[in-house]
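Both of the next two complexes hold chain A, though its partner changes from chain B to chain C.
Now for the complex of A and B:
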């Protein structure tokens, strides 16, 4: 069920009705579990096996780990007189080692499932590029949302090992955490400590929550259907015939894709968060005005936030402080000097994060290169920081408003350039197309009506442009006032209702759906 | 539960505004649906034909079912004027056999005619053909189980029932191509037929048609024959005479093998089957002047000649009421005759002025 399909909308509407009208409020989590499993079942019944195994693995290992830790702790407490400092430390180390081993086993199984289902054919494809006798691809299903739910269980297993959360003893409740359907399709990647706070607690009907959620859903559909699915038509034409559309057209691709991806991804997240909010559940925000970022680091703190923090918490930090890295850091400081030495571990950890980010995004080399390009750009800008600071200081640029706009535009263009890897899906072609912007001078073509040959009419461009301006103004409101516009609208409730009506009707009229439009999947579905 | 005193302004405002919002949404969508659906008022008018039936107050003793071979070839006014037969053509473009069946079911919800005349050309289609033709037949039907079943039987692979229930979902993208006619006809539409007859007065002599392509299999599809069977049963159950006809036009080609199968069916079910292709001379058709599109369809003179011929047969064969003698019905027919004459005069005037029709047919298709 696609988010934009009628069965999905009916499914959600029916769920909300049954949830509040017919389900005792203490049992509502059980209804959510049934709905989530049904959602998965209707997508493909086989998916249930994969998600079931992943959930069961994480659940069982968490219980074993926690029980083991509790027993060891109790033993230590009961026999504290018989332990001296050294033996106590040794005892604790043994406990930690066993705990870590249990965690690694859980990760091995769950990441193994992810690796086999999602990356087997990628490995075969890569091997075939140097083999004379190509290996045949395997016919393997990739369960919907496997990257998202695997990462959720991985963070759960690690957090259990770290002792920062308590294990969920009710398997069905844990299964709900793993399979909660709104976020199953395209995230965000929720942490157990966050989601569990509202996922299981009895929920009463709260008019404000339901209203906020409803408007958020409408907003998501508006972005997705009016902008993203409309622009994707032109993008397809432009990227499927790269020889025909070089030079200035590549810039058009950059701009269209920036808008399309933003509206597609944030639209999907809006729908996810909106549904959850209508059900009284708080799901973490995944975006915070990313296109207002003044540098790439800030951009990545605002775009796909839950993924970024996941990689930071579960790859960057553990790697940076691992004994090997600490030894390496010490060694490099001694042999390469303090300036270089302190960077080595950061660089290696950062490299690992971006390599993993690239691979997580998809089983293809262009994603890997995209990830590494982000690494290069972030490291370069970090290294150039002192130069920038000197420059800013000399010309007092930071105090000028115009410079802030320049920084935003620069970051936007840079990130849009990197997104070209995703547009052309071929590393060599992406570099070639990017280069063509600088040696193919065909800007005049953009003004001779050729943009109307990309599958969109002038009316389509006008609708998309008006919608983008509308989205920009709403974002600007949040940037300037610092709060969601729904808060203001809700205070003036008739206006809130009117905006909902306008959003609903305009999405239904101007949305790119139904016959004549391809029901394009949400981009992050594939992850 | 709060007492009345405890209710503050906001407690009242929230539900009231929500209800108002729902009402506003429903009204907006209802209006937009009416605005966005095609109006079929000029050029391609076939999509208006089916719904016009529901506005006609007259009783009908003869109902014609089928495609353009009925709605363009038989003048209902001539049938009335010459024989007093009150008839209606429930015809539509490329009307498939199952659609004819369900239209008959639909008609029986309102009246029970004495005679149903079914044109057999569509028997050659055993599968749903095209969405646009489906729409032109099905959108105009009033909602009933017959419409639901007709849609189910007719949908092509890419179509959905929900798009028929809410045509808005199918036509929403027309927002960028709305014309003045769409706004003009939001609430009511002009009639495009006279009791289902679509008039053309222009002339284009019959051309030489290409030789028929030999077919691998001449068997008429099982599905369409099944629906013909059901049509025969339905007529029998309701005491209606079912007559099968093949209109006197030669193209699209009607194979002898098909003709034999229909004749066998008619014999087996004790029905009348008349292939008017063999009776063109008796009808008096002169295809140098009686067709407007090189022989595919008849024009007004052709349709009147055919109506005269078929009317004679109906009068001779069945005990039909002469509605010219029924004042309340005759009065209604007078209005139709007036419209018929005005339409004919308007088309003739345009022909005299331009040498071709500009407000009807392909020249009138709005872009």
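Now for the complex of A and C:
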């Protein structure tokens, strides 16, 4: 059931009606669970086994851990006279070690399922590149959204081990946290402490909340169907015939893909957050005007935010502050100097994060290289920061308005060029195509009508361009005013209704589902 | 406390760490800075700050960070 399919829209509309009109407030979470399981069942009944096992593992280990900790704490309290400082410390350390072991077991099972389902064929493919007798691929299903829900359970298990959250004792409620259907398709990656606040006790019916959610859904469909699914046609043509479309066409690919991916991914998240909001549930934002970023670090704080914070909290920090790393840092300071000692933990941890980010995005080498290229660019910009600061200070660039626009354009171009790995899906080809921009001088071809041979008519380009300008202006409003435009529109309610009608009609009229178009799957669904 | 301010000043000499209470909220310190601070604190105070303590509340001000170090020293 695609987000963009009619059955999904009918499914959501029926759910919202039953949710508010016929379900007692206390039972609403149960209805959501049934809807989530039904959504997954209709995608493929076998998926339920995978998500069920993952949820059960995290659930059971969390309860064992919490009960074990409580028992040990109670024993310590009851017998505190018999403990001196050293034995108390030893007792606490043993508790921490067992807790950690339980967490590792839970992670091993759940990450193991993810690794086997998603990466077995990738490993076989890689091994076949050096084997004389190739191994055959295995026929294994990859459950929808497995990376998203596995990461949610992993963060849950770690937070239980850290003692920062309380375990959910009702398995069905916990299963809802793992399987909540709007975010199964493409995230965001929710944390238990955030989502559980409204998932089990959602906000009661509020007209404003439902209106905001409804407009957000329309906005998501507008971005997805009018822009993303339209541009994907031209992108397919351009990237499937790389020999034919080199040089200036690669720049066109960069621009089209930047718009297409943004509208596809943020559009999907708009639909997710909008549905949740209509149900009275708060889901974390995943984007904050990423194309307004002035540097790559800022970009990654604004794009796919829940993934970035996940990697920071559960890989970057634990690795950086682990005893081994701290020892390595100390050793480096003593033997290699302060400058190296300061950098060593950050470099190693950052490398691990971007390697994991690349692998998380997909079972293919181009994703791995894409991740590592991000690492290289981030570290390079980190190292160059003092040089930039000196340069900015000397020419007072930061005070000039135009310079901010230059920084935004530079970051946009840099990030768009890294996205080429995702377009061409081959490391060597991507480098070759990127290079061709500098040695194949065919810019004239862009103006001789060749762009109209990519599967899109001039009317398609016009529709996409107008829609992109519209999306840009809405983003600009948020950037300048610092507030969502829905707040302003809601104060003038007839205008709010009018905008909803315009979005609905323009999506129905200009959405890409005519001849030659096919409302395609969301890109992030594959993760 | 002075030694801690010195560590922080080393990272951002232009910030008034005595008064600022929004070091994380205003994105003055980023994740790289936090790792550097943890490493320096471990070196100079012999205090290991675990990952679960790397939350905004503990790093929003020099005082909050100092309180964290004191608490961990007591443990």
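Here is the rule we use: the second predicted complex is superposed on the first by the 523 of 527 C-alpha atoms of A that agree within 3 Å, B and C clash if a C-alpha of one lies under 4 Å from a C-alpha of the other, contacts with A are read in each partner's own complex, and residues count from 1 in each chain.
Note that in this section contacts are C-beta pairs under 8 Å (C-beta built on N, C-alpha and C of every residue); 3 or more make two chains touch, one makes a residue touch a chain.
Keep in mind that this is a model prediction, so the values were computed, not measured.
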Next on the checklist: For the combined arrangement obtained by superposing on chain A, do chain B and chain C clash, or do they fit?
Outcome noted: fit
Checklist entry - So, A:329: does it touch chain B (first), chain C (second), both, or neither? => result second
Checklist entry - Touching A:494 in the superposition: chain B (first), chain C (second), both, neither? => result first
Next on the checklist: On the A-aligned overlay, A:349 touches which partner chain: chain B = first, chain C = second, or both, or neither?
Outcome noted: second
Checklist entry - A:34 contacts which: chain B (first), chain C (second), both, neither? => result neither
Checklist entry - Should A:504 be classified as contacting the first partner (chain B), the second (chain C), both, or neither? => result first
Checklist entry - With chain A's C-alpha centre as vertex, what's the angle to chain B and chain C, nearest 10 degrees? => result 160
Checklist entry - So, A:457: does it touch chain B (first), chain C (second), both, or neither? => result first
Next on the checklist: Touch test for A:164: chain B only (first), chain C only (second), both, or neither?
Outcome noted: second
Checklist entry - For the superposed model, what is the least distance in angstrom between any CA atom of chain B and any CA atom of chain C? => result 37
Next on the checklist: Need the overlap of the two footprints on chain A, from chain B and from chain C, as residue ranges.
Outcome noted: none
Next on the checklist: So in the complex, the part of chain B that touches chain A is made up of which residues?
Outcome noted: 10, 13-14, 17-18, 20-21, 24-25, 28-29, 32, 36, 131, 158, 160, 162-163, 168-170, 172-173, 175-176
Next on the checklist: Could you list, by residue number, the parts of chain C that touch chain A in their complex?
Outcome noted: 27, 30-32, 34-36, 38-39, 42-43, 48-52, 54
Item to check | Residues of chain A that touch chain B when the two form their complex | outcome: 6, 207, 457, 459-460, 493-494, 496-498, 500-501, 504-505, 508-517
Next on the checklist: Please output the residues of chain A touching chain C within their complex, sorted ascending.
Outcome noted: 162-164, 297, 301, 312-313, 316-318, 320-321, 323, 326, 329-330, 333, 341-342, 345-346, 349-350, 382
